[in-house]
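These are the structures, in structure tokens.
Presented sequentially are two complexes of subunit A, the first with subunit B as partner and the second with subunit C.
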Partner chain A sequence: MATNIQLPRLTRPEPRGIGWSLLLTLPIFIWSLLMLFRPGMDTDLKSRIAATITTIFMTVLFFMMMRTGSTYRWRRIFFVSVGVLFPVGFIYNIVLARGTMGIPLEEMIAGRTPFCFMPIPMLILPAALTKTLIFPGTIASTNHGIAPMVGMWLALTLVLGKGWCSYACFFGGIEEGVAAIPARARIRKLDPRWRYGPWAVLLAMVLLSLALFEPAYCMWLCPFKAVSEYVTARNTIGLVQNGIFVLLFAGLVIALPFLTKKRTQCSFFCPFGAFQSIFNKISAFEIKIDKGRCKPCLLCQNACPNLSLSKESIARGETLMSCMKCGACVDACPRQAVVWHIKGTEAACKPERARLMFLYAAWAMAVMFGGTIIYGGVATILHFIA
Partner chain B sequence: MKLRPILGYTAAGATVLVAMLTPFVLMGYFANGVAALPLQVDEVYSGGPKARTVQMGAYSIVIHRPVRPHFLQSEKPFVQLDWTPVSALPQHVSDMVDIDGNGQPDIRVTFDVPKDPKAPLRVDVEPLNPRYQAMNSAGKERFSRLIVRVDNAILVRVPLANP
Partner chain C sequence: MAVSVHFGEALALGLASGPACIAACGPVVVPSLLTERAGLRPHARYLSVFLGARLAGYLLFAAVAWEIGALVSLPPGPRVLLMGAVNVLLAGVLIWYAWSARSLCGSSCVGSQLVNIGEKKNRRAAGPAALGLLTGLSLCPPFVAAGVRAAELGSVAQALLFFFFFFIGTSVWFMPFISFGCIARNEAVITVARMAMALIALYYISLGIAMLIGRKAYGY
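Right, the complex of A and B next:
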């Protein structure tokens, strides 16, 4: 619970000096070099150029976070880049391998369906009850296998909690980019009950997946099939499935984010996001609202892209458990009442220290995972233009 | 200093440490842990474990154990047969296959082997045992009823008549 302590006067923090910001950025620069020039990465000229561009990109964004004290806008540039470049690299590679974005039956039988993190919550019950993975992939594989992806998800989740949705998800950037386009939201009033949407979808998909013994979300509802891969339509059912994917993508990822300036797919629909919210409970980091400073003006609530703040939660001095730790509310607060916080410490006790610790961990993961995706997308573009 | 802040900072520091260790140690450790779990990919996708192999001269037919779908799964029970290697198959295959190993042929399977590996395949299955369903010029209809080429094998899945 937030407590009121002696506070300094309310002013925007001065930008850090360039030298101090550079010093704070140095570990991330070294980390980027380690991740993007590690053994096993391609060594041809275009790949090296892509790795250099990505290293500079990730380092400059972190430097700007250090220099300006703002988190959200710089993180958003990274996140949108991941969202846009993931389909570029991914689609190019699968079309190169099999000539189509559709997954033919023989590729599923061969266990060569790339595994993404989305079906993880749907695999748990069938695996626990029958020791069976209801996914047409390979358990142990060096590339796109189930075990490597689950291993990566476990490690990133320990670090990020629900922050996965702001620093690791390779889908959310598309709608965050679309939401950033209009100057103002055309639809401003959103029924708060929509917040329960992801939980409803999660429950329905987990039970359906157990009953049908297939990853029901992937088969029927994933909007991102439209920009990644889908089951090849062999009959009317396949056509209906693909139609649903395209409609959901157009509605939840393009139209509604444009109209509301919110991440509507994440806020109203994504079952993985709901599942990931559970892991916010084990995260050491959170966002707190210092009730002593808060007016409340609700600017933080308006800025939140994920409906993770309500009047009630602000009054309690905390965010809802769906908070993605994107930093939008912290940056939006003119009174610095919304702060980064380490659990167990006093509210507003050295918030910059909490922010720095979280950002080092989160950005390290962002470079390792998202940075590799950006690298792949840039390398693909270079392949086409050079 | 109170205990809660100490625990909080310890957890925060541990989070940073976990992040540093993730690409070098933890990711592989967790992945190996998941791979070591006694899990298998659903047999509707994998085709089930191999039961026996019948040698047919230059090529062989691998017979899998029948696969029975779970609960509300939309697929029918089926048995998978693999003709391998493709390079040793004649242009036209017509084999009687004893699936259950009782010495009596259960089905006659007929298909052409096109030279182009991406060319669509068609199969006819004539049941000689009422346990198996007929297939007429079937292609890739569903997991439980298909003929596909996977790497160096041609897979035929024959639906069972009496689940």
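Right, the complex of A and C next:
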């Protein structure tokens, strides 16, 4: 997998003019205002400051994407911020409401468990066979309810495919941040067969969820229980479950990303990521490799945080179906051979236009979803420091 | 007349309980089927052996439970021990299965004694038979429901026949699994199936050990 190529200085496309970049950023600025100052948001001073900071943050990042023509590094700043600030706001609210990060059994029986998108693939078969939702949450509540979350996920996924994992997931940012810390990878050789891991976890968890009639991934394997919430440990089994969460988090989200500079939890474990890969097939946006321009130097393969490029796929001029559309490979290519592409159009046909269309859709979602999370985290921090 | 009504009831109970049987056996059947050779015939053969062994497990348990008078309600102690042992054994077979499939490559490779993939002369029925027998003994909810009804019948022979017709009803739901034979086999499918089997085995073994040493599950 890994290659020991001396990385050359990357040539960047010419920067766009400031006026043109501002004009392209204007819709995102207006969208941010609409999302973060909408009716129903808190109106106290600290909340207003948090909303203002978030609006500026999201707008400036998009402006820099427009100005520099680079996507990945600006997106990464946003994504890492979401990953870091999500636990801040979420844990604060959970502790405020319950006094603990643990979900008492009574809360689960009462259907008050906040729903996240992870168990969505595990709900389908039990719902189809028995007309029962196996997640102990509320269906229609606007506060982490199942129906709003599934509806939002479906709409965004149909447009962006696995772009969800780079612009909406509020877990992946932590490992992307950790992976960015070391200057170089300590572990470079990764067996490509580990790429099948997410599919195996998906298959096992879907089948076990159907057999046990509970979201097995949430009960046993979710690394992010360590930084969100978990089943209250009342006996040895509960302790084992929580021990698994902490170990998986320490290994897949902290240690391995640090050693490999890859998003190892997303690449080797996340069942939701595997599920999202299916939707890459119907999403209009994709990354293509212009075989006429490609050398191939494999810089794109090295840059991919998700092992979604192989020599074979590069030779075919495409990414693997696990591509998260983060833009790292596009930015890394010194010959501009890796390009954004809209299905149904000719390869390398106006790639910047395809990039813009994708980024408008992705960043609108990022503001709505991640922006709200950043706002919540900033508001929580302001609450503590002021 | 009354006897045929009983057996019709068993058949209907089996048909109605089919989705629950699929759910209970799915973690065992699906990944192990995915390590089979592609093609409808190998899958039909696998399912025949698996279901036959599952029937044997049903009948064996029913006969023993009838003899000791425990068909309606097996006491909690022995029930937990039985299920714990079955879970540990299932985990062992799954791990063996996953390990045995390591050298598979597409349509025809040499498997171990337990796995029936590979050259025709090497094909074995032990794998699906072991899995079928163990799932037959695993006391899933539909099986317990059938046991309660069968216990009301007049003789052990009638109870066994009741279980047989119940089994026929549930088995109808397994037939769509034959279509898995249409899925092309390659390194990706085999590897995913093997990894999934290992994960499922880990779950079974932890649950089985917890049952055997008397720990309660899930914090209840």
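Following the convention adopted for this analysis, the second predicted complex is superposed on the first by the 374 of 386 C-alpha atoms of A that agree within 3 Å, B and C clash if a C-alpha of one lies under 4 Å from a C-alpha of the other, contacts with A are read in each partner's own complex, and residues count from 1 in each chain.
Here, contacts are C-beta pairs under 8 Å (C-beta built on N, C-alpha and C of every residue); 3 or more make two chains touch, one makes a residue touch a chain.
Please read these numbers as outputs of a predicted model, since none were measured by experiment.
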item	value
First, second, both or neither for A:Arg234, with subunit B first and subunit C second	both
Subunit B versus subunit C as contact partner of A:Ala204, first or second or both or neither	second
Which superposed partner A:Thr130 touches (first subunit B, second subunit C, both, neither)	both
Contacts of A:Pro215 with subunit B and subunit C, given as first, second, both or neither	neither
Partner chain(s) touched by A:Ala110 [first = subunit B, second = subunit C, both, neither]	first
First (subunit B), second (subunit C), both or neither touched by A:Gly370	neither
Partner chain(s) touched by A:Phe285 [first = subunit B, second = subunit C, both, neither]	first
Residues of subunit A touched, compared between subunit B and subunit C (which is higher)	B
Subunit B versus subunit C as contact partner of A:Arg193, first or second or both or neither	second
Touching both subunit B and subunit C, residues of subunit A	105, 126, 130, 210-211, 213, 234
Interfacial residue positions of subunit A with respect to subunit B in the complex	35, 104-106, 108-111, 126-127, 130-140, 146-148, 150-152, 154-156, 158-159, 210-214, 234, 283-285, 342-346, 349, 354, 357-358, 360-362, 364-365, 368
Sites on subunit C touched by subunit A in the complex	19, 22-24, 26-27, 30-31, 187-188, 191-196, 198-200, 203, 206, 210, 215-220
Subunit A residues touching subunit C - in the complex, by the definition given at the top	105, 125-126, 129-130, 193, 196-197, 199-201, 203-204, 207-208, 210-211, 213, 216, 219-220, 231-238, 240
Subunit B residues touching subunit A - in the complex, by the definition given at the top	4-9, 11-16, 18-20, 22-23, 26-35, 37-47, 69-74, 140-141, 143, 146, 148-151, 155
